[in-house]
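After this come two complexes, each holding subunit A, first together with subunit B and then together with subunit C.
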Partner chain A sequence: MNKIMSNKWIIFLYTFPALFLIGVLIVVPLILSGYFGLMDWDGISAMEFIGLENYMVALQDAKFWESAFHSFLLALFSALSLILYLIVALILASKIKGANLLRKIYLIPMLLSSVAIAQLWIKVYNPTNGMLNSVLIFFGVENPPNWLADPDIALYAIFIPIIWQYAGFYILIYYAALKNIPQSLIEAAKIDGASPVQIAMKMKIPLIMNVIKVTIVLSVVGSLKYFDLIYVMTGGGPNGASEVMASYMYKLAFESYDFGYGSAIGFLLLIITLIVTIIIRKLTATKEEIQY
Partner chain B sequence: MKNKKAISFVAVLVISLFVLAACSDTGGSEEASSGDKKTVEFMHLWPEGSSAQHHKIVNDIISGFEEENPDISINLEVLSNEQYKDKIKVLSTSDKLPDVGMTWAAGYMEPYVEGDMYASLDDVINKDDFVSGTTEAFSVDGTTYGLPLELNTSYIFYNKAIFEEYGLEEPQTLEELKDIVATLNENDVTPIALGNKDAWTGSMWYMYLADRLSGNEDVLTNAINRENSFEDPALVQAAEEVQNLVGADAFVEGFNGLADEEAKSMFMAEQAAMYLIATWDLPNYTTNEDVSQEFRDNVGYFKFPTVGGNGNTNSYIGGTGVGLFVAENSDVKEEAKKFASYLVEQWGERAVTDVGVIPGTKVDAESMDLPEMYNNVLNDLNTAENITLYADVQMNAEDAQVHLDAIQALFGGEITPEEFAKRNEDALAGEE
Partner chain C sequence: MRHIGYILLYTVLAFVAVFQIFPIIWLVLFSLKSNQEIFAGNPFALPTDPKWDNYLKVFEGGVGTYFWNSVWITVVATGLTILIASMATYTITRMHWKFSSLVLGIIMIGLMIPIHSALIPLYNMFLNVHLIDNPLSIIITYTTYNLPITVMILLGFYTTIPREIEEAAIIDGSSIHRMFFQIILPLSAPILSTTVIINMIYNWNEFVFVNTFISSDAFKTLTVGIQNFIGQYMTDWGAIGATLVISVLPIIIAFLFFSEKIMEGITASAVKG
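Coming up: the complex of A and B.
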């Protein structure tokens, strides 16, 4: 077996299928979309090379920056919501009754398709018949907001289901990481008289820091390219109030038939995401590795 | 042993390559005209599953055509709407459009016409057979490139029971409509269902107000085709009227966050008294068995009222649905044209009676056994003096997006009527 593994050809054969798929499905489209960004192209007739014009236009496009700002807001919210997920995971992992059942309940939104979640929350937010406003009216609120129709609120109204949607995923990750901490450490701390909060803050969280770092990157990058709920719930409206980068890109390419410009936005989105990822990694980098 | 393993790795690899290769190119070879028999390729978007009636009619018409023309055979390909759009786009980039296919009007077909993909149909079309305004929608610079199959005009549908309860009557003028709105609001009934998340519905209100206010049915069309400015006083005033209606709480709460489907279900659940929509919804108010008989009996419609004594109620906001195109580089262009015009001709009458689609061709309502509402609509069409195509269909895709966003902002009170006109004007002026 060792002989096989040291043969360069065999190594190549092993890795080739995966490399090939990644190349065809990810790398080539990435390069292509950067290339299409250099074109004036409506998706139907012939392409026309216009150099960096699309990218220059994008940098001055107020709508693009507005949607980029919305994406950053979403990233910030998702990152902050990680704290909430972590707290829930800490509680679940501390052997409370029914933890197993609760964990499964939190995971349910993960199992629903985005469109189903969107439809569900559209119903919840419905200004006249919706559950939320019915409750508010019942408690005497006179003019409950038009959640998805009010440009000042729409974006934040969508954040709630997004946070809800990903709760199960991150809680599960944290839960698994917390369960990995050797029980003996915790018991030793208990014997030394540490309170549960101290155990959580001083021991559990530092011990799973690597996992937390990964989830920060995951949630920020995921938020920057977020698309589904926003597209279904408001379509970026009203009047662009909940537009994010990905939905703006989709609109340009597939509704305005401006594939060149849409590709340019897509490529910029990639660059922005890359830069943000690097910054986060730099910010959270620590030299010392904590060991059990 | 080791060799065996290596061989099996290679085998797996080769198989996976084959699978990948098989994905790449399946469609392609065609144009097999055996002997004297010519084959016309035809693609449409009514699959048997979702549009059974449409599908059947087309099949009947095809077999009728093949019987009458034994030397031509029709090669049919059917896709669902979205897939159809995608496939046409792909085929057009490789210059392999079917000989006859379906297209949408105005803004949608513009790039195809500019790319010389569609053949001129001026030699086969008889404009008198079509309702005025329909063939125009498929024309570019006076040449017709599509044969319209469907036509929709918009009316305000209303709930007769609600109107009766509060002693209301069909309004003739906008002022009367506003009185109705006031009465309904006093009684806590939502006056008008509107799903402006799909901003084309709000655009219909705006367009009707512009049409009536100006007394000139071409005012909007002229602004779009740049014979006039969008900052025309009538167009600004219409935007003001929109905000007046919003201010009078004419529309359902939170309309900017509601989809058209949601607005429709409010109207159909009798939670709103009125609903402006096109005639594609007629089956819901007449023949659709899934809707309660009681509700269907309760629905009436009226034409959009006049405004300040201006406007012609025989002018409609509407639009053609799909039409037929013939590919410019088809090898069998003559036969394709023959088939397309045969299909359109046969389609008309059967479309209304069998599927409840209002065709683009003129039909004689008296000779058919139709629900009353259909008869009335068809009669209205025969006396229609103008049909203005939906603004977002008339504009190219980019400007349409600006228009629709501006409509949401206008209805939401985020911008003034002047700003609304300016945004549209800037977008339209930008393309020259």
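Coming up: the complex of A and C.
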């Protein structure tokens, strides 16, 4: 038995395809990204080694820092909106009739492609005929905003479809975690005279804290990677008002053909994502796991 | 008092439901209207005379090619991912070797990294091996980038398979291959179906790889194809609506039938991270 289950040839044969693909298409490109960042390169002609110049330029590139700031802003909003999702999940998990149907309805936007969501919300935000401004005009608003074309609003306007897309996902996760809490604990607290709000704050939320921590990591790290939705909705505009790190990198490489500098930005995006992940994991780490 | 509380709670939940579902209903409505009706009428009114022409127009415009590309690329990449991930998960969880946790760690790298950091080198690699504007580049990229999440979902199930099953198979003289393909794979059918549906949704919705690696209309999938279309129909809202409905309909239909599986897969893929 043990001999058969440690057959080296079989292990190699079964593991190799996965390792090979991940090595060649994920690990190597990530390393190459850092290496290409050392080059002056338009993607077609020969590369020229220029040392750390691209990285030095990036550190002083106002556009890069602006896009990084927008990414962090989205990460902050995403983390804060978890509170809303948690409240909805707490309500949903408290013996609500139709809870199962409701969480399915909530999840539908999550299943659509970011491109379709972006195109749909471009229409929702259409200044004259969109769903939103039609409603605003109906209620007598004189000059409803020109949502995606207004540099002061564009980034916030983009955040609404992001909430729309992910709300169902986080509600689903919180709901599943809340449903896992043993009912006997809740009943005992009720007999002791605890109010629903007390039960939620002092028992339910601490009991699902591990899940909440995972969702904080997911939402923050996910925000740093946002691309599709923003690229389609505004292309980072107007005038860079909604540019994020990934869209800035993409434009540098595939629209301005500055592959060297684009690679450097891509590598910085990787480093920033890893650092943020480590920081959040550290901040949310607990010394002891909660037992129940 | 208790009653009023419940009414309040239901109001909150109903408000969220309306927020989530209304844009989609509005989309379906305007996909069946003419521009005139969209611009002049009540946005939530039913179309007076449903314009199925919008859909006809979009299909005549060639959305069928994109649709078909999405279908076959999704199916092929999903099949490859499931097979390769199952084999790797099997050796990692069931077989005895020194580096299994190291290999698992390498596979899981893919869960943390932003794909955009790998995009330029990937593009360059495919350019060098002449796979740019070739659907093969999309298929192997999809296959690879979905491996980590698929392994993660499979992991939990594979560790719970009882040892006795394998022992019995080996006593019966079964080889590892037969054991894997004829016992383990069929046994893991429920969890495999979860990974299939999750993979299909991911592949169906993927945008940036197609947008970067594919330039010919003949190979584009729906996500990128609808971008073209919408550019073309700039002001024809009905046609744009019809294109969007066509692109999201398969996922919505899948959700109607497999909602439990989809929710299970989404929860599993998130929480274990």
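Basically, the second predicted complex is superposed on the first by the 271 of 292 C-alpha atoms of A that agree within 3 Å, B and C clash if a C-alpha of one lies under 4 Å from a C-alpha of the other, contacts with A are read in each partner's own complex, and residues count from 1 in each chain.
The definition used in the following text is that a contact is a pair of C-beta atoms (placed from the backbone, for glycine too) under 8 Å apart; a residue touches a chain by one contact, two chains touch by 3 or more.
These numbers were taken from a predicted model, which means no experiment stands behind them.
J.: Can A:127 be said to touch subunit B (first), subunit C (second), both, or neither?
T.: first
J.: Could you tell me if A:221 is touching subunit B, subunit C, both of them or neither one (first, second, both, neither)?
T.: A:221 sits against subunit C, while subunit B stays out of touch.
J.: In the superposed arrangement, does A:30 touch subunit B (first), subunit C (second), both or neither?
T.: Once the two structures are laid over each other on A, A:30 reaches subunit C alone.
J.: Just to be sure I read the superposition right, which of the two partners does A:119 touch: subunit B = first, subunit C = second, or both, or neither?
T.: The answer is second: A:119 touches subunit C but not subunit B.
J.: If we overlay the two complexes on their shared chain A, which of subunit B and subunit C does A:10 touch? Say first, second, both or neither.
T.: both
J.: Looking at subunit A, does subunit C or subunit B touch more of its residues?
T.: Per-residue touch count on subunit A favours C.
J.: Pick one for A:255: touches subunit B only (first), subunit C only (second), both, or neither.
T.: first
J.: Touching A:176 in the superposition: subunit B (first), subunit C (second), both, neither?
T.: So A:176 only meets subunit C here.
J.: Where on subunit A do subunit B and subunit C both make contact?
T.: 1, 4, 10, 14, 17, 24, 43, 128-129.
J.: For the complex, give me every residue of subunit A touching subunit C.
T.: Residue list for subunit A touching subunit C: 1-2, 4-8, 10-11, 14-15, 17-19, 21-30, 32-33, 36, 43, 88, 91-92, 94, 96, 102-116, 119-121, 123-124, 128-129, 131, 134-135, 164, 167-169, 172-173, 176-177, 211, 214-215, 217-218, 221, 224-225, 227-228, 231-232, 245-246, 249-250, 253-254, 259, 262-263, 266-267, 269-270, 273-274, 277.
J.: Spell out the part of subunit B that touches subunit A in their complex, as residue ranges.
T.: Within the complex, subunit B contacts subunit A at residues 2, 5-6, 9-10, 13, 16, 20, 89, 92-93, 111-112, 114-115, 190, 196-197, 199, 252-259, 262, 266, 271, 396-398, 400-401, 405-406, 408-409, 412, 414.
J.: Using the touch definition up top, name the residues of subunit C that touch subunit A in the complex.
T.: Those in contact with subunit A are residues 9-10, 12-13, 16-17, 19-24, 26-27, 30, 38-39, 43, 84-85, 87-88, 90-92, 94-97, 103, 106-107, 109-110, 112-125, 140-141, 143-145, 147-148, 151, 166-167, 170, 176-177, 180, 201, 204-208, 212, 222-224, 226-227, 230, 237, 240-241, 244, 247-248, 251-252, 255, 259, 262-263, 266-267, 270-271, 273.
J.: Help me check something: in the complex, which residues belonging to subunit A touch subunit B?
T.: 1, 3-4, 10, 13-14, 16-17, 20, 24, 42-46, 122, 125-129, 146-151, 154, 234-235, 237-240, 251, 255-258
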